[in-house]
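Next up: the structures, one after another.
There are two complexes below, and they share chain A, which is joined by chain B in the first and by chain C in the second.
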Partner chain A sequence: MNAPFIWIILPILISILLIIFRRHRGVIVFSGLAICLLFAWSAWIVSFDQVIQLGTRTIKIGETLSVFGRDFVLSESERPVISLIYFINAFWILGAYYSKPTRLFVPYSILVVALLTAVIAVEPFLFAAVILELIVLLSVPLLAEPGQKSHKGALRFLAFQTLAMPFILFTSWMVTGVEAGPGDLELLSRAAALLGIGLTFSLAIFPFHSWIPMLAEESPPYLAAYIFFVFPLGVSLFALGLLDRFVWLRESGILISIVQILGGIMVFVGGFWAGVERHLGRILGFAAIMEIGYTLLSISLIEKNGLLIYFWLFIPRLLAYVLWAMSLSKINRDSNNNINFGNIRGVGLQSPFSSIGVLIGNFTLAGIPFLAAFPGRLVIWEALAKSSPIIASGTIIGSIALIVAGLRTLSVLFVSKPLPIKENSLKISPLSDSVISEDKMPLLETDSTDRLEKRIFLIENNWVNSIIWGLFFLLIIYVGNFPQFYIRILQNFLSVFEHFGQ
Partner chain B sequence: MEINSFATPSLIIIFIAVMTIFLSRNWRWGLTSLGIMYLGVFGLIAISWPTNLAVVKLISGWLASSVLAITQIFSTQKSKQVSQPTSEFIFWAFSAILIIIISYSLSSSLLVWLPIFEFQQSLGGILLMGMGLLSLGFSNQGFRVSMSLLIFLAGFEILYAAVEASVLVAGLLAVVNLGIALSGAYLIVSRTEEKQTS
Partner chain C sequence: MLILSPVILLILSAIVLTLLGVFRPKANYLWLIAAAGSFLSWGLVWFLRTQIGAKETLLNWGDTGVLDISPEILLDEISWSFALALSTLILAVILTDVSRAGEADWSSWAGSMAIAALGILAVMAGNFETILILWVVIDFLDLITLFLRVRGYERQQGVILYFSTSFLGTMLVLWASVISFSQNIHLTFENIPPTLNLFIIAAVGLRLGVLPLQAPFMQDPTQQRGLGSVIKLVMPAASLSILVRVADVGIPQILKPYLLILAGLAALYGAIAWARSKDEIRGRRFWILSLAAIAIASAIEGKQEAVLAWSLILILSGALIFLASVYTRSRLIILILGIIGLSTLPFSASQMASTLFLKPFNLLLILFLIAYAILYAGFIRHIFRKGENISGVEPWVIAVYPVGLIILIITHWLLGTIFSYNPSNLIPLQFLWPGLVIISFSATITFFVNKNIEIPAFLFSGLEIIFSFDWFYTLLGRFYNFIGSILRLISGMLEGEGGILWAILLVTLILTLVIQLGSTTGAI
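For the complex of A and B:
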């Protein structure tokens, strides 16, 4: 028995098994949730490469699995990150009950976390680029559902990620030479340039970010948000691994400055475009671009507790993305997959919880005080203000622009006059599971305020959905106001990167 | 007979195949040429790898071409054979010539920097990567995008084979090639179904 088998091979087998039971949505969601929590919990408590007493038996979980002459190694120091990845996925699976994406989402997400674990485990480390490409290939069919107006976002996502892989793989060979002769500046600069190009494609760094808003517009919001969260997570862990392993990269001042400038540009540009956008999905996409920018900024502050900030940002980001995406999915379903401002006027009166969820997600990522992301943002802004006031100002302007996007959304959802109600659209969209009884139907023919209030209870969700929505809402408030409770846990993650964590 | 003696014929095969893919808008010609191109890719990879491992590239390439061909046959797009204007042909021809000149120039520089490559490998690899990139830049449909990505990856694999002979990576890259073809097939089919229903 070894760790890569338990946390990579076993989840892959389970995900294949879950595909068979995909027709039962509730069963698959809650079994997927239980499986992810079990893997997260076991990674948290079980020590690798040590003898464990299980009743009368003793077992030892090894660290290495050899496949075709190459090793997958999960070491003791990587346990917290494995646990974090599975824990994060549990939240996404929970949100899937509310948002009702494709029935393949749960097996797919378990497969993705297994592959993300493989990204951490594979040796040589740079072979992870191929595994990231496999995640992309698995994602394309889910992102490009039949019936969508266009698949250009999915195609561009596939193209950019495929272009990234060769650059990173070729660097893997070059860095071996750099390690052998670190004084070879020419080789070093070429390796850094190739790696930079690869990571720029892979992390959707400006100017190769265009697939994000396109995907956010065309694809189901929950799946798009999942990709926006999980993919940068995998690539950024990979990039941090590179910085940790190669001293010549870590000590390159120019590289860190470039990363910081790019991060600042992404936060500013993402926020600006979100502020002037009129499509709810694309606003989420631009917010995702901002988040990648914040990830880069935290990496650039690596000498100033940047690693802690990097992990700190994950929890608020996760909560905001899931709440935003699951609420947006509900609005998207009820609006016949058209979430342009012109088509969702007054939807807040029909779906108040989902509309508030979209707004809370938006304002959380903008860094509004008392919401989850605010403490982390404050630390970043403070650190940036000391080293680069221009970049700090740019990021604050970006966040203000995202607040503007939220206020515009608020105005459209709650203040604008609702569109005339078509009876058919309220009977319910084809994808929705909500039911309106026939005796209540006459109620829908008029548009008075009291009737609208009654409609809320007809169309809004069942009690399980309310609990899930409430849980995310409370967690966002809690994390925003009491960050000290989970920052202590985050200290465990720093040991993953042996040079940064010290 | 040494495997190196196949290097120049392989390069010629690649050159003819990729020019046909590039200049012809007919998917049948394109996919046939893609299959032939993988013969040349196999010839150049076999210089660095054992033949039994290099065959993996050939088979995975042929499988990828077959997946795209089958999808095209069953999609309604087969009836849409649009004739190619002469101006478009000239534009593509000039673009291809430009890529050939750049590839020749770069391959010489690459040989100075990394003498581990044979000249044919260097030129073949860079030529395919360049043609793939150019074709990708002008494509916005599943079929053309996946074919461009396959060409680009084939070029990369020629160069990468000279520096890395891992069975795991060979297997994973074969899966990636197939995955790109399957993703492209899925996108073609889903667009076709949509057109049929609308």
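For the complex of A and C:
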């Protein structure tokens, strides 16, 4: 028994098994949730490479698994991060109950976390790029409706990620030369440049970000948001691993400065694009670009608690993405998959909880006080202001622009005159949160709008959905106001990077 | 936790009211619970006078090891004055609500108490982080309360715009806080560089609709007297309390005249609109706008006592006229006392407000003198309008109603005289001339108005076009649309068929530029 088998191979097998039961949405969601929590919990408590007493028997969980001559090594220091990855996935699976993405989502997400664990475990480390490409290849079919052609966004995503891989693998070959002769500055700069190009494609850095808004516009919001969350997580862990392993990268001042400038540009540009956008999905996409920017900024501040900030930012990001995406999925369904401003006027009166969810997600990622991202943002802004006030100001302006996007959304969802809705289309189902379906009923008269609003306000969600929505809402407030209660847990994750974590 | 007791009491009362309101909506003791909760809270604030100087950590962020500062609350003379004003406001609202059975119910009392509780917490904010959090909470609560009550496209749009400008003001303070880090300063009430104070004053100006003048956005979304007044007065109080704290820092000298002119225009516009408005509720937003502009001018001039005094006029005298809707025998006496209190003469409730016009006297301050005189004349005009008749009610209603108004006057008088904030130890008799000028000017205006000598309406329409700043926001909107179309064009190019090639071209151009700049400067 070894750790890579338990946290990589076993989840892959389970995900294949879950595909068989995919027709039973409730069963698959809650079993997927339980499985992820179990893997997270076991990674948190079980020590690797030590003898564990289980009743009368003893077992030892080894650290290494060899596959085709390559090793997958999960060491003791990586346990907290494995736990974190599975824990994060549990939240995504929980949100899937509300948002109802494709039935393959749960098995797919378990497969993805298993592969993300493999990204951390694979030796030589640069082979992680191949595993990341595998995640991309698995994602593309999922992003298209069954029987339909792939969207342009999905193909652009595939193209950019595939373009990234040869650059990263080529760096792997060059790195061997660098390690043999660390004084060879020309080789060093070439390796760094190639790696930079690879990561630029892979992390959707401006101007190679176009797949994000395209994907956000064309694909189901929940799936798109999941990719926006998981993929940068995998790539950034890979990038941090590189920085941690190669001293010549870690100590390159110019590289850190470039990363910081790029991060600042991503936040600024993403915010501005979101501020002028008229499609709810694309606003989420541009917010995701901003978040990649914040990830880069935290990496650039690695000497100033940057690693802690890096892990810290994932918590509000997770909560905001899930709440935003699951709420948006509901609005998307009710609006016949058209979430342009012109088509969703007044939807907030029909789906108040989902609309509020979209707004809270938006405002959280903008970093406004009282919501989840604020304390983390405050730390990053403080550290940034000390090193580069211009970049710090640029990020604040980007956040203000995202707030403008939120305010425009608020105005469209709640203020605009509601579209005529059909009374008989209201259904109350204990296991479905759908309220409004189409056809067969006469249009409502204006004077009954108030009465209808009240009814919808009560029945929009069934109780499970209400609990899920309420849980995310409360967590966003909690994370935003009580960082002192969870920040110590985050300290455990730092040990995954041998040099930064010291 | 003692200094939090009035807040806790108000919140608990609001929760109890909500629970009883939902489960026993027809219970006839709901008003009593609201009155008892607000009265006890008011009493506790008076008691807190003995605790001046107390400080309490609200959320212990220091334990994170990475955040240097924690949200905390502070009870000093400034925060106590505001807390007393707000607790008096909520008590007065609940007491006078007995005469407004049509608009008052448990939900409006619970909402008012919750908003007032947060307002008290906000005025006691001990640092900028705390005020940022509380501003956002108050804004959200205002938004929800208003949205649940307001109907109609135009009014709902007004709510959003009102919320938007407040939000942007909040972000401006955050920006100032971040810039302070770059100067290795942590922005606190005791440590504010004048350049950053400009951000704070601008943020407060933005939240209050003064800098720049936001008349088009300031539609009063609700015409309710009770809840409407609480919503409209608590938010300015939360912003003005910060203004008092930053007032003694001042701003860079070179910017003073421009900001004073902008604030002066807002004050004049608000005062004229207030005096001309059909009634005090329709003019409520202009009362707030004009007095907030005068308070901001006091902060620009660095006169801390004056900022507090103008803020108290805004809250307490404002509450007096907004709540005094019902005709009773005592109403006239109460309102005459209110008029005297507003005169800014020595020993009146507003005596410290005239310190704005003391030495060093800036000629631009004449704008504010005129504005206040017009406001004063408008106050008198609205007060002498015939009130609603109250008949067929129980005798206790007639007895309780004036108590709500008297409490406002007494508290204002005490805060303006015995408990006035006067760190410079100014002597009241020095304040004589501004009061006399204001009264004379107001009397002249009233005389002309009574003689039916009015400024032609078309002149006001012309001024409205300029001073409402509608043209400015139209231009701003067009600029926003222009930027939006450029950004959408770039996005369209990058996402089109040739997107990958465009991206590579863009990177090449950027790299060429960077290398060129680097070789010119010698960096590369």
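As a working rule, the second predicted complex is superposed on the first by the 466 of 502 C-alpha atoms of A that agree within 3 Å, B and C clash if a C-alpha of one lies under 4 Å from a C-alpha of the other, contacts with A are read in each partner's own complex, and residues count from 1 in each chain.
The criterion applied here is as follows: a residue touches a chain if its C-beta (ideal position, glycine included) is under 8 Å from a C-beta of that chain, and two chains touch if they have at least 3 such contacts.
Not measured: the values here are computed from a predicted model.
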Check your understanding: For A:240, is the partner it touches chain B (first), chain C (second), both, or none of the two (neither)?
Key -> neither
**Study point:** In the superposition, chain B vs chain C on chain A residues touched
**Key:** C
Review point. Touch check for A:3: first (chain B), second (chain C), both, or neither?
Key: neither
Check your understanding: For A:151, is the partner it touches chain B (first), chain C (second), both, or none of the two (neither)?
Key -> first
Practice item. Look at A:392 in the shared chain and tell me whether it touches chain B only, chain C only, both, or neither; answer first, second, both or neither. Key: second
Review point. Touching A:407, do we find chain B (first), chain C (second), both, or neither?
Key: second
Practice item. Name the contact category of A:133: first (chain B only), second (chain C only), both, or neither. Key: first
Check your understanding: Between chain B (first) and chain C (second), which, if any, makes contact with A:276: first, second, both or neither?
Key -> second
Exercise for review: Answer with first, second, both or neither: which of chain B and chain C does A:173 touch in the superposed model?
Suggested key: first
Review point. Just chain B (first), just chain C (second), both, or neither: which does A:159 touch?
Key: both
Check your understanding: Taking the contacts chain A makes with chain B in one complex and with chain C in the other, which residues are shared?
Key -> 152, 159
Study note, to complete from the structure: Touching chain A in the complex, chain C uses residues 59-68, 129, 132-133, 135-137, 140, 147, 153, 156-157, 159-160, 163-164, 167-168, 170-171, 174-175, 178-182, 184, 480, 483-484, 487-488, 491, 494-495, 499-500, 502-503, 506-507
Check your understanding: Which bits of chain A are touching chain B when the two form their complex?
Key -> 67-70, 127, 130-131, 133-134, 137-138, 140-141, 144-148, 151-152, 154-155, 158-159, 162-163, 165-166, 169-170, 172-173, 190
Exercise for review: Would you mind writing out the residues of chain A in touch with chain C in their complex?
Suggested key: 152, 156, 159-160, 207-210, 213-214, 272-273, 275-276, 305, 308-309, 368-371, 374-375, 378-379, 381-382, 384-386, 389, 392-393, 396, 399-400, 403, 407, 410-411, 414-417, 481-484, 487
Check your understanding: In their complex, what parts of chain B are in touch with chain A?
Key -> 113, 129, 133, 136, 140-142, 145, 148-149, 152-153, 156, 159-160, 163-164, 166-169, 171-173, 175-176, 179-180, 182-183, 186-187, 189-191, 193-194, 197
